[in-house]
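Which chain is which? They are A, B, C and D, in the order written, and residues in each are numbered from 1.
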Amino acid sequence: MRAENYQQINHPPSHAFELNFGPNHPGIEGNYALQVQVEGDTVVQARADGGYLHRGFEKLMEQRLWIQNIALVPRICVPDPSPMEVCYSMAVEQIAGIEVPERAQWIRVMQLELSRIAAHLFTFGGHAATTGMYSPMFWGVADRDLILDLFEEFTGGRIYSIYNLPGGVRRELPEGFLQRVTDTLDYIESRLPDYDDLFFKNRVFIKRAKGVGVTEQAMALEYGVTGPNLRAAGLPFDVRRDDPYLVYEQLEFEVPTEEAGDAWARTLVRRSELIESIRIVRQVVAALPDIGGPLRTPIPNPLAWRVPAGESYARVESSKGELAYYVVSDGSEKPWRVHVRGPSSMHAVQVLEELVKGGRIEDVAQTMFSLDACPPEVDR
Amino acid sequence: MNMDAFTPWLDALCGRIDGMVVACSDLAQRRSRIDLPSEELTTLLEAAKGEMGFVHLSAISCVDWIEEGEFELVYHLWSYEQNQLLSIHIRVARDLGRFQSVYDLYRPAGFFERDIHEMYGLYFEGAPDMEKFILTEWNGPPPMRKDFDSEAFVGETFDWQQYNPEWLQEIVAAGGGVVVPPTEQRFSQRKKVDGPDWSGDHPQAKRGQE
Amino acid sequence: MREGDSGKSERLRHLRSLTEIIDVAIQFELAAAEFYQQLQPQVSKPLRWLVESLAEEEKDHAERLGKLRYHPDLYQEIQQQIETPVTNLRFSDGLHTPDPKLLKSDQDVLQYALSRERLAMEQYRALAEATEPGEVKELFQWLADEEIEHKSELEKRYYALVHRGGGV
Amino acid sequence: MSDYNDEGSLLRPLRALSFLGRPAVTEPLEPRLAAEGYRGFHLNEHAECVGCSSCQKICDNAAITMVEVPELPNDEAKGIRNLRPAVDYGRCCWCALCVDICPTGSLSLSKEYVHTCTQEEIDSYFMLPNETGMHGTFYGKGWQKTETSDLLDLQRQEMGERPAELRVDNFDEIVDGFTPEQAMAEASRCVQCGMCHDACPTGMDAPEYIRSIYEGDLEQAVRWIYQSNPFSHVCGRVCTHRCEDACSIGVRGTPLAIRWLKRYAMDGVSHQRIQEITQEQRAAESTGHTVAVVGAGPAGLTTAWDLARKGHKVVVYESRQQPGGMPRYGIPEYRLPYEMLDRDIETITAMGVEIRCGEEVGKQVTMEQLQQEYDAVVLAIGLHLGRSTRIPGSDHAHVRSAVELLRQVTEEGTIEVPEEVVVIGGGNVAMDIARTVARLQRQQWGGVKTVVTALEAEENFLADPAEIREAAEEGVTICPSRGPQECVVEAGQLQSLRTWGVCSIFDQQGRFAPHYDEGDEQCHPAGMVIEAIGQMSNADQLLGDMLTERLEWDRGRLQVCENGRTSETWLWAAGDCVNGPDVVHAVADGHRVATSIDEVLRGALKHA
């Protein structure tokens, strides 16, 4: 909401104050607002306010050719764009009945997991910053950049890969790329003790994060929470394992959980997941040289391609949780409907409103970041 | 988890609920689709949630079938017990503009129904909050409706950036210049030609100079 | 100056012989042009342009030779007396006129024109062969080359017409 | 699960102090180049780009504007436009779909990361990419089209055809036609650039009918086809398909089989339905004007078709026993079954065109009569006479003209051929007669001994490459670069054709000027020599001396204005006799002439 349109909520004269978090706030990935009422340092009421990043993607997608949307979807989630293009491609492939060549599936897994590592590093940084720790923030952003270097090399773009097409991926990996992936993963692994020292096992951080923004399992299930936030409440559910796609069935990885469901538990789950993702990428790196074949099942000329009438609900596990695309085709050159189910639309609205209630002002930002709330996913 | 229970349950459900159709059920792909009359929705949701553990409402999708005058609502349910996704499809009249909320059964509906109300103008009765969320400052029609032309809105509301760089001035001076502006070829703006125009003389115009 | 005067008259004497050759050649070309001009109304209208263009060409050739005749360089260059070969008379052979009724088509007209050019070419070539090496021989050779040029130009038109089905 | 009870340590963060002892990470100030394959700013090889606008069509952000650059070549026949994409970097999203769809492969992206400027320099966001890039320095190509990323299908669907051994002894049509799957796949390759439309003499709406085929709506395709061509069955089979020469897919791949797609659409709709569809465009009322057309070939009948659907009464005079002109009397049936030609003609007569066969102008009826009886007359008599090389011996009775022989085959069904035949010529007519003779030889002699001698080297043959290939498959011997010198006759019997080798065929200006190697002499044994070289008309004979004299002529051909009108206000001329031989050109001409006549007649109506 623009400042000039802001109308103060009339509340009874009391010692309650109203505070606006956002739409520009360092505790938010992007632009988002949380209007909170505080009594003293305690939040008594909260209301999420979205729309600052609304670009009408779902409407736009109804006006564009099937493959043009590939250039659009990564923009729905800036910190973790790859699942968007993979999930959209999967949805289209399901409707059109396109088999994706095996090599492309492995490469997609690598892309998704690298993207998850980058996203988690980013979240660590952001989370650390909300608790006043700026070195881990710089580290998170800087180390994420090393992953972006890899993305630049194999997809052609640092953030928005636009690397997938329905049917596969757009180009072959560069010469010697897998070695550089290994090197970068080695480096990031070697950095974990540093992160532990400064962040995960930092007493200050633990004190700040423990017990903050608790989602017990029952509540998490009730509110539709997914992803690391659900696993931090003890439910070992992961789309990759339980509704598998691509070649995840052939990969070995754990689904780490925590029980407490608080900010620290969520961060610990992400830390474990990052290690699992490194493990997955290493398996892909080891397997890829032996997986030949094409990278892409050719699709008809995209200027004329008509996806047969039908619908599909494609799901992937993004760094934030269950990401799904509901795509409907009426048999024309463009989608009839694309519904993006961003995982943050659950934990960034109703859950967030609930969690900050009763907490302290200084924990609001931390709660948001520990939930890994991604506003563009909500706004679309 | 009792994986074998799902299909019999689905079959039995058809007997219990009038007009329910299992459009497809692919257990290996973990996808099933049910079509049913909108008034039976709550019955089905209660059964799914209570009997088969479909506790997770993954999403509610709305599709505007404008020519049929209907909104299609799709409830995507996931059962952590069955590891199955159940898509429940119902149709509601577009004109009516209201439908019952399932918030009492599924809290996530709070977000999805609010979103659908905002984007499609379909009001959900019994929902806790139908306030605007994303389009706080929007007073136009619900934009996701098929009859709202967002590009026309953009065209009327915003100016196209005008450029006149030196290289273009030179080309114009030499007799060239902009021939096909992007709007003409933009897929969404492309004129839909229904068929040949036989009224006039045989057209000979060259495409390159259009 | 006397030397110069006598030198000049000497040159003129030679020149007259050379110019005579050129004059004959010019006459040949002009006669051809005239022939084509007279032929024009006698052939079918669609062929007239072709006959006319041939007349124009022959006139062009004559003009070209005319320019050569008065070219000042020629005065200085030519040192040699010519014995006009007997074959010179052959020019007249080329001047026979065909029956216009036989020239029914563009192909007929072109064939006739080609035969004329071939004749002239052969004539100059024979003259060149019968002449001692020197400027005069070169002149004949040059004239022969000119006719080859005319002939090959006509041949191109002929091929384009007959073998490629295109315009003349 | 991690150790949730870990309380953490206050001292552990101090370990980070060790970073003070580590060397600092420094990055140089110079701009660094991006990775290979980075999607930077656009590069465009202007010499390769054909201005097809595919980049503009795929751009989801409307970032591309097509700008006409007058200094660049513009050649409709070759499918080259002087349009080049200009990119608005306020809109571009660097997806590189433009690169991957580019039919020529001229587009790529650079390895530069950054462009920025002040508001005053905002014009710099709009640029015309060239070979060097937007900052004037070439840093190497980043994202380029690869085989995997290429979004176009460059390979044409293989047209099924009967193998040589099955076709060489009969006149059944050779090609099978596309299956629906093939047609769909072939149609899907089209990028709708419209180069084909611009190159087509009659401006066929090929992009539209290809799209209709792709959409499975063959009736709509037929509608689009009939927008510009009543000889749709004929052109779907034997058109010289200049459209395919201009097709931008053909720059790197095989051009779309536009002609076969047209054939597919026409064959896919019943004859009955085609007639119904074409009747949609018939004028409701008659104008009362009458037009006579001389010659029932493509030009004449197209004129008649156009005029008839506009409500004029049209009578076509045809000297031969059947209408169709060259498609019937010049094209062998294995390429164009008479039935398909008959269908086209039936569609035309169903529009109300009356065809009077066996009425030869100059004999049964005179031009003067036509002038008096009709409001306008169209001369569309084609080029039905074959030229002769007039080499020595070419006046022998067994030295024949190809067009006459082909006509004889059509009229009589077959002719007797000797065991050895030599054809002179390298065009499609030469191939037609050679392959016809080959079939007859197979029928009459059990084997093929047909030799084609042509002045041209094989790469310069005027004939379609497919024709040459198929002729060779059928046993015809192709002898390129042979110049005919003499038809050798001994004791009144034709023995052979004597040829010289051709060392060069064009002069420096590209004009036809064969040079022979007289030492390279061959004698091709021949019981018959067929001359398949130039063609001509007998317009002046048909017109009569008076009219011939009255009319204006241009280089031996009837002089017509751009609309096909002669110097006589009542007389128009169309087709091969004006433009030279080509069926689709004749159709185009027919339209042009009909439009002109219609305008004149309507003008007369207004003034009357």
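Observations, loosely collected:
Just so we're on the same page, a residue touches a chain if its C-beta (ideal position, glycine included) is under 8 Å from a C-beta of that chain, and two chains touch if they have at least 3 such contacts.
As the structure is a prediction and not an experimental result, all values here were calculated from the model.
Centre-to-centre separation between chain A and chain D, using Cα means, comes to 53 Å.
One simple way to say how far apart two chains are is to compare their mean CA positions; for chain B and chain C this gives 87 Å.
Averaging Cα coordinates per chain places chain A and chain C 92 Å apart.
Each chain gets one centre point, the mean of its Cα atoms, and the points for chain B and chain D are 45 Å apart. Each of the following residues of chain B touches two or more other chains: 187.
Contact with two or more other chains is made by residues 64-65, 68 of chain A. Contact of a single residue of chain D with at least two other chains is seen at positions 57, 60.
Chain contacts here follow an irregular pattern that is not a line, a ring, a star or a complete set. Every pair of chains meeting the contact definition is listed here: A-B, A-D, B-D, C-D. Chain D makes touch with chain A in their complex at residues 1-2, 4, 6-10, 12-13, 15-16, 34-39, 54, 57-58, 60-61, 93-97, 100-101, 109, 142-143, 146, 148-149, 151-153, 185, 187-192, 211, 214-215. For chain D in complex with chain B, the residues that touch the partner chain are 51, 53, 56-57, 59-60, 62-71, 74, 76, 81-83, 86, 88, 90-91, 122-128, 193-195, 197-198, 202-203, 205, 207-208, 220, 223-224, 226-228, 280-281, 306, 591-592, 594-595, 598.
Touching chain D in their complex are the following residues of chain B: 161, 163-168, 171, 174-183, 185-187, 189, 193, 195-198, 201-208.
Residues 30-31, 55-59, 61-64, 74, 76, 78, 80, 83, 85, 87, 106-108, 110-112, 115, 119, 133-137, 143-144, 146, 150-151, 187-188 of chain B are the ones touching chain A in the complex. Residues of chain C touching chain D in their complex: 44-50, 105-107, 111, 152, 155-156, 159-168.
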